[in-house]
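See below for the structure under consideration.
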Amino acid sequence: MTIWWSSWADFWAMGGHAFFVWMSYGALLVAVVVEVVLLQARRKRALAAIEEERELEAEN
Amino acid sequence: MNWFYFSSPSTFYTLAGRLAPWFFILAAALAAWGLYLGLLVAPTDAQQGAVYRVIFIHVPTAWMSMFLYFVMACYCGLTLVFNTRLSAMMARAIAPTGAMFTFIALWTGAFWGRPTWGTYWVWDARLTSELVLLFLYSGYIALSNAFEDPRRGDRAAALLALIGVVNLPIIYFSVQWWNTLHQGSSVSFKGTSMHVTMLTGMLVMSAAAWMYAIGATLVRVRSVILERERRAQWVRDAGAA
Amino acid sequence: MTGKHRSGEPDVLQVRDLACRRGPALLFSKLDFEVAGGELLCVRGPNGCGKTTLLRCVTGLTRPDEGIVSWHGESSRVDPERMRAAMAYAGHLPGLKDDLSAEENLEFSLRLRGAPTTAEQRRDALAAVGLDKRRRLPARRLSAGQRRRIGLARLALDPADLWVLDEPLTALDDAGQALFVELLDRHLARAGLALVATHHRLAPTSGVVRELRLA
Amino acid sequence: MIANAQAGTPVAGSFAGGFSWAMARDLRLAWRHPDEAVLTVAFFALVASLFPLGIGAEPQLLTRIGPGVIWVGALLAAFLALPGLFAADYADGSLEQMTLSPHPALGWAAGKIAAHWIVSGLPLTLLSPLIGLQYGLAPDTLAVQALSLAIGTPVLSLLGGACAALALGARGGGMLLALLALPLFVPVLIFGAGASEAQATGLSATPHLSLLGAALIAALVGLPAAIGMAVRIAVD
């Protein structure tokens, strides 16, 4: 499994197509990060709602 | 094994909690290997240049977008036939991840197209069908959240997904038919010769995407369960955990 | 075919272990009751206790969370057509088209029930409920009480064995209410069944009256 | 007192009973209030005449885009007629009575769609040659176009009818219905517009029309049942 690129600089340059390649891979990375963050936020909101419900219940 | 043991939301909640991290770890490992193959090892294509490496995420996300819609439709079928609550929640949990993969497939298709054919949006048959699939996902998500009673949203969106999954091949065929008529020879993405590392790279990335999708779905379904069962006693106890 | 009482098989509506939720809250659960020929079961309870939902679960409009509704000993889930053929339902919504006249509404309602009527029957029924002069008026121009009376004419002409009625007396004046009780008497007298959600005191002369209170 | 001669007569539910009930009632209602049909046709004519104003009126250009524009216009007009299908029945309680009728849902669902098509798809089909003249289309193209609309618009009514039933009582109204129905209209548009365009460019329109016919048959077989189920979900 030899590495195709001779240097890291070549790798980042992507033979002149750097913009298109990294805009694509970057988009996937952003999408995954955003989704994971949203998932955590949704979980927190759900747990908070339960907590609220429990306090409401505890009062009356 | 009692097949229906895990079909009750409370037991599935804990099971999903235990499994989800493993799927994410597996997804990360597969992705690392896939990217290593796709970005570092695979040779640059002679005609298209290095931009073809976008294939390692474009094709897996496109496959996954269709596969997840099909899986979602299966859960919707279960919801309508057996009126089970958990299958409806699973379908709801899959849709956003499916829509995300569809969007990424379109985005990467556009950025691959720009240097190759000179325009960001080329009315290629697959890209156009992918766009219609994005509308189908959006329709499912919009309809499932359009009702006060979430159970009503489940069943209405479930039937829509079934109608959608029956129409999906027809849409793909009609767009393919339309494309060959207007475009002459289809501008296909398969121009590159399939070097062995390329194929393996794509398959590994697809597996990574699949594991990720399962992980994300399991995490999201736990939130859906918490939202839907918040009055249930077991949720109160689990809430603290 | 409908299980007519004359065919020996007694008409009976059985509800076993019925439970239904509204959102996360549980409306009622473990509900068991029966209605036999010639019986009126009044469903009573405070607003929001689930009377309407209970009736809708019995008719099959709403899918209950648990429980089985059986007509003639057979679950309505197995053979819904049979129960639908023998049941007349009147909910909160009148089921009238504003652009059709009282007579046309009556005609189409009963055709939908699979029991077409002749013009003469319709005219007599509307006359009996006091809408004789207004039977050609579009329903839009009738008052709420008059529109309710079209519902009474519909009940009069409907061959259904089982009546499922949700607050049938609302918007009816005294004469209208008396008319309804008269219809109810005749229905119970020929061994019909009635499941009625109401706040009013119903005291038909014939048939057995029982009550089901929802907390 | 009311003589209820009905008491003993058996109640009979049938496909034909449901179908004829829906047709008779809806066509009478449409006859009483033709504004729905008139609006649909007016919208179609309006959309078709906006394009030349936007794109310019050179004859060759109009003839080239004519078939596509007319089909998209007809599709949007048919789409706008969809809410009229179930919304009123849902609001006034008729839909509940239909669900509880001894007649099978297949019957009255098919009847309502047929009546709805007569009020929307049929007028659009009949008007399309007139609109086609505005775009300078040849008579044979106009004929094929009308034929493709005649086969295609029922499919739009069936697909759209299912989506309209699903969206009953939903927040989002028309926009939601667009998101549900228009993606499903894509194949019908492709085959329909493709047929008249093929005819206009001298190619044979038969493959398009036969595919459209196949879509119609599939829709007729599957969708009434789906509409019945969608209505049952809506009244739940």
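As written, the chain order gives the labels A, B, C and D, with residue 1 at the start of each chain.
Here is the rule we use: contacts are C-beta pairs under 8 Å (C-beta built on N, C-alpha and C of every residue); 3 or more make two chains touch, one makes a residue touch a chain.
On a predicted model such as this, the values are computed, not experimentally measured, just so you know.
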Pair with more cross-chain C-beta pairs in contact, given A-B and B-C: A-B
Mind having a look at which chain is the central one, using mean CA positions? D
Please compute the C-alpha centroid of chain A, do the same for chain C, then give the distance between them in whole Å. 57
So, what's the distance in Å between the C-alpha centres of chain B and chain A? 16
Chain B to chain C: how many Å between their CA centres? 48
Chain centres from averaged Cα atoms put chain B and chain D apart, in whole Å, by 32
Listing for chain B: what residues touch at least two other chains? 230-231
Residues touching two or more other chains, restricted to chain A: which are they? none
Contacts with 2+ other chains: residues of chain D: 236
Touching pairs of chains, all of them, please. A-B, B-C, B-D, C-D
Write out the stretch or stretches of chain B touching chain C in their complex. 83, 149-150, 228-232
Mind listing the chain A positions that touch chain B in their complex? 1-5, 11, 14-17, 20-21, 23-25, 27-28, 31-32, 35-36, 39, 42-43, 45-47, 49-51, 53-54
Going by the contact rule set out above, which residues of chain B touch chain D in the complex? 80, 132, 135-136, 138-139, 142-143, 146-147, 152, 155-157, 159-160, 162-164, 166-167, 170-171, 173-175, 177-178, 181
Chain B touches which residues of chain C in the complex? 23-25, 63
Touching chain C in the complex, chain D uses residues 1-14, 17-18, 21, 24-25, 28-29, 32-33, 88, 91-94, 96-104, 108, 235-236
